[in-house]
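The next part holds the structures, each set out as structure tokens.
Across the two complexes that follow, chain A remains constant while its partner is chain B and subsequently chain C.
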Partner chain A sequence: MWFSKILSYLRLARAYIKLNWSMQMEYRGAFVSQALAMFLNNGTWLAFWMLFFSRFPVIKGWEQADVVTLWAISAAGFGLGNAFCWNLHNLAAMVSRGELDVWMLYPRSLIPHLALGKMSATAIGDLAFGYFIYIVMVRPDLQHFLLFNLLVVAVAVVFIGFNLWRGSLAFYFGQAEVLSEQWFFAMITFSTYPNCLFDGWMKVVLYTLIPAGFVSGLPVEALRDFDFSAAAFTWLGALAVLISGAASFELGLRRYQSGNLLGMRS
Partner chain B sequence: MKPLKNAVETDNLRKVFEIKQGLLRRNAKTVVAVEGISLTVPAGQSVAFIGPNGAGKSTTIKMLTGILKPSSGTASVLGLDPWKQRSKLVHQIGAVFGQRSQLWLHLPPSDSFDLLAEIYGIPKNDYRKRKALLVERFDLGRFLSTPVRKLSLGERMRAEIAASLLHRPQLLLLDEPTIGVDVIARQNLRDLVCEWNREEGVTVFLTSHDTGDIESVADRVIVINHGRVVLDDSLSGVSANTLIEGKPAGLEEIIAHLFNSAASLTMQNCISPS
Partner chain C sequence: MKNSIRQSWAVAKVAARSNLAYIGEVASRTFFLAVILFIFLKLWQATYRESASAVLGGLSLSQMLWYLTVTEAIYMSAPRLAQQIDEDVRSGALAVRLLKPISYPLYCLSSALGERIVRFLANFATGAAVTFCLVGPFDCTPAAPIMLLVTVLLAFVLDGLGHLIIGLWAFWLEDTSGLLLIYTRLSMILGGMLIPMELFPDWLKSFVLFLPFPYLVWGPAHLFVHSDWLQFGQLVGLQSLYILVMLGVVNLIYGWALERISAHGG
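Here is the complex of A and B:
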């Protein structure tokens, strides 16, 4: 029963990826330029950190290789989580504009169906960037590469759950697009800074309210020390963020007020 | 499976929205969108559900499809509770919102159909036959491979209705399906809906501001205003039994009269029945 349900969702995911890919290819130039722009944008930030670590080689135990790993895992995880689940990134706007109506008329679980509904070209650029720098700059052995893949999926789960958290705000506050966006930028900022820079109460915040610790902290430790317990905690944290995100969405859905704006699916 | 007697049953269905204002002192104001609607729609019937803007039509339809949770009262659609059994229910209903598309703007209808078949889990062979039938009957062949953004509104709405029939729904909810569509395309859409209602026994629940839609498609007319039912009669009964100021009136005139009436007035108060 569960197995056939999972298979059915995998088939649906394949169908959505095929459809979204066709749509991206309808505007091939825009797709390539967006993906490339994101690749270059990430590259600029990484170059800044490389320069920084060339002046100060060790900061609280972190070296240049760690910051490359950090950027690889956060870009690839963010890219994977958003490339195929882009609707969740815009969830707050969708809720406040009443755009869930169409999705609620299909016989599929709302969260996975909504999540799969839209792809992002820029997030594909992030995904490619993460893998590119990890393979080219870190040059991992097979074991590290396999662990990297496992952690990229966990980080993607963190971002999916986090998007559900911030998107669900719109159910409770009505108009929550700005708040949701600010929360997103805080998450991105802390996910791309070395986790060693933060201590005390800030560390608590980074494993709760802004769960960037599961992106820029534990996964980097897991890869640097080849530490399975850090990898396991990353996964536990990712699942906790996802489950709490799904719960806040489902609870919020009871307060959904729909809307009457004109709309097309694009 | 025993065939259902009634496609839709509601009892005192109500929806209240709460609006809060003020920064420090929060004043809560309630807006009653639907005020105790009780209806029974037999399976296979074509019903026009009409009312002025803000009367509560769309809110009622959204409660019947499980999109909105009723504040109180009960609803049963095809024997299911829409809010609690939404996923099961939507397998058996088709919905067309004239203002919201279920087709992908940048892709041809054919691709959207393929995806919908996957969403509804329609077996491949069934889907092929059904698609061929709908393409022929809705005359979609010419533009099946053209991106939706390049279609005329009439073509898009034909494709929308065909898409909503792919999974053989028992109930078709049409919310202003002819909005913005030209006269010929509008008549074409009405004929197609009637054909499907006759041939497959699909129950049709139509909202529209166009009396032509109502006269062509519906067997029964339900008018709501301020969230309450103010008229519920067969289409022929509405015109035959109703006089305005002692004179017979057309459907459009009767509806306009009802729309202009205060919420507390009943049919007897505002229109003299013959």
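Here is the complex of A and C:
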């Protein structure tokens, strides 16, 4: 029963991805330029870290390869989570404007339809960048590469759950776009700096309120030490973020008020 | 000449006033500045500790944080000048702007300057408050704020001219966002926004000094923490020289661009 349900949702995801991909390919030039722009943007940050580590080779036990791994996993995970679920990135604005109506008309649960409804070219650039630097700069063996894939999916789950958290704020506070945006910036910023820099109460924050520890902490440890317990904790954290995100969305949805907007999905 | 200065002053004043009207919105964005300064503190604290040195690149930890406060305030105050020109050209709004009794590039530059000064002051005030709480004051000479104001103003003019050159390429290119991204990322890395130029490898430092980027960010920030009248004179001289060169380039490109304009109807 549950197996056929999962298969049904996977088929739905495939259909959305196929449709969104063909839409992106209609504007091929714009798609390529946006993806390349993100590649370049991430490359600049990596250049900063190269400069930094050329001068200071070890910071709290972290070396250049660890920061490259950090950028690879966070860019690829963020890219995977947002490339195919881009609607969740703007969830707070959609809720505030009462734009969920159109998505509520579909059969099955609301979250998958809403999440998969839009694709992002820049996030695909992130995804490609993450894999590119991991393969070219870290040069992993097969075992590490397989673990990397597993962790990229976990990090994508963290970002999907986190987007549900911050988007759901709009159900409770009405206009929550600025708050949601600031929370997102904090998450992205902490996800792209070595986790070893933070300790004490900040560490607690990074595994709860701003769950960047599941992006820049545990996955990097898992790959560096080939540590399956760190990988398992990453997955546990990712599932906790996703489940709590979905719960806050479903609870908030009860407070949702239609915007009575007339619109057409193109 | 006198007339142009009067016109520029009027446009800059209007832009600054309209930004002051939305000071709450400007202030809300400074949350990110607080987050990034906190992360920089942690990063550099660890770096100073591991290097077992009280001074790196001629800066103490406190000076480093104040340096980064200025560089972030400069970088985060950048207005959407190139994108605005791109939109004006693409939408045809340029035809209306050309009717104004002020040259189009001068109008754009003055408006961007007015907007940027307000944003910079808001960013700097927030950043200074955060940095003061994190590391306390540094040994600031009375001349430092004056040097900062003069050199930042010249840096804004120089950066504005860079944005103008990129924006004007909209007459020939389909999309200038890629060019803008390259420019902003170069000024971020080579301008010393994240790491002072003193800590660059020697080969990079000697190369970068011939480019305008350090004079946009590194120069004013460095003078603020290390005020020196001789260096101030050199920086102002170099900034003025680059402004003259780039003014010539803007005039040239704008002249070519005007030949491509064809407006119909009303």
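Criterion: the second predicted complex is superposed on the first by the 260 of 266 C-alpha atoms of A that agree within 3 Å, B and C clash if a C-alpha of one lies under 4 Å from a C-alpha of the other, contacts with A are read in each partner's own complex, and residues count from 1 in each chain.
Just so we're on the same page, a residue touches a chain if its C-beta (ideal position, glycine included) is under 8 Å from a C-beta of that chain, and two chains touch if they have at least 3 such contacts.
Note that the structure is a prediction, hence the values are computed from the model and not measured.
Enquirer: Could you look at A:106 and tell me whether it touches chain B, chain C, both or neither (first, second, both, neither)?
Expert: first
Enquirer: With both complexes overlaid on chain A, does A:198 touch chain B (first), chain C (second), both or neither?
Expert: second
Enquirer: With both complexes superposed on chain A, which partner does A:41 reach: first (chain B), second (chain C), both or neither?
Expert: second
Enquirer: Between chain B (first) and chain C (second), which, if any, makes contact with A:51: first, second, both or neither?
Expert: second
Enquirer: After superposition on the shared chain, which partner residues are touched by A:258: those of chain B (first), chain C (second), both, or neither?
Expert: A:258: touches chain B, not chain C.
Enquirer: Once the shared chain is lined up, is A:144 touching chain B (first), chain C (second), both, or neither of them?
Expert: The answer is neither, since A:144 touches no partner chain.
Enquirer: For A:224, is the partner it touches chain B (first), chain C (second), both, or none of the two (neither)?
Expert: Once the two structures are laid over each other on A, A:224 reaches no partner at all.
Enquirer: In the complex of these two chains, what residues of chain A are touching chain B?
Expert: Answer in residue numbers: 8, 11-12, 15-16, 19, 22-23, 26-27, 100-102, 104-109, 113, 254, 256-258, 260-266.
Enquirer: Using the touch rule from the top, collect the residues of chain A that touch chain C in their complex.
Expert: The contact residues of chain A facing chain C are 29-30, 33, 36-37, 40-41, 44, 47-48, 51-52, 54-56, 58-60, 178, 182, 185-186, 189-190, 193-194, 196-198.
Enquirer: Mind listing the chain B positions that touch chain A in their complex?
Expert: Residues in contact with chain A: 17, 58-59, 62, 65-69, 86-88, 90-91, 93, 95, 97, 99-107, 111, 114-115, 118-121, 147-149.
Enquirer: Would you pull the chain C residues touching chain A in the complex into a rising list?
Expert: Those in contact with chain A are residues 28, 31-32, 35-36, 39, 42-43, 46-47, 50-51, 174-175, 177-178, 181-182, 185, 188-189, 194-195, 199-201, 204.
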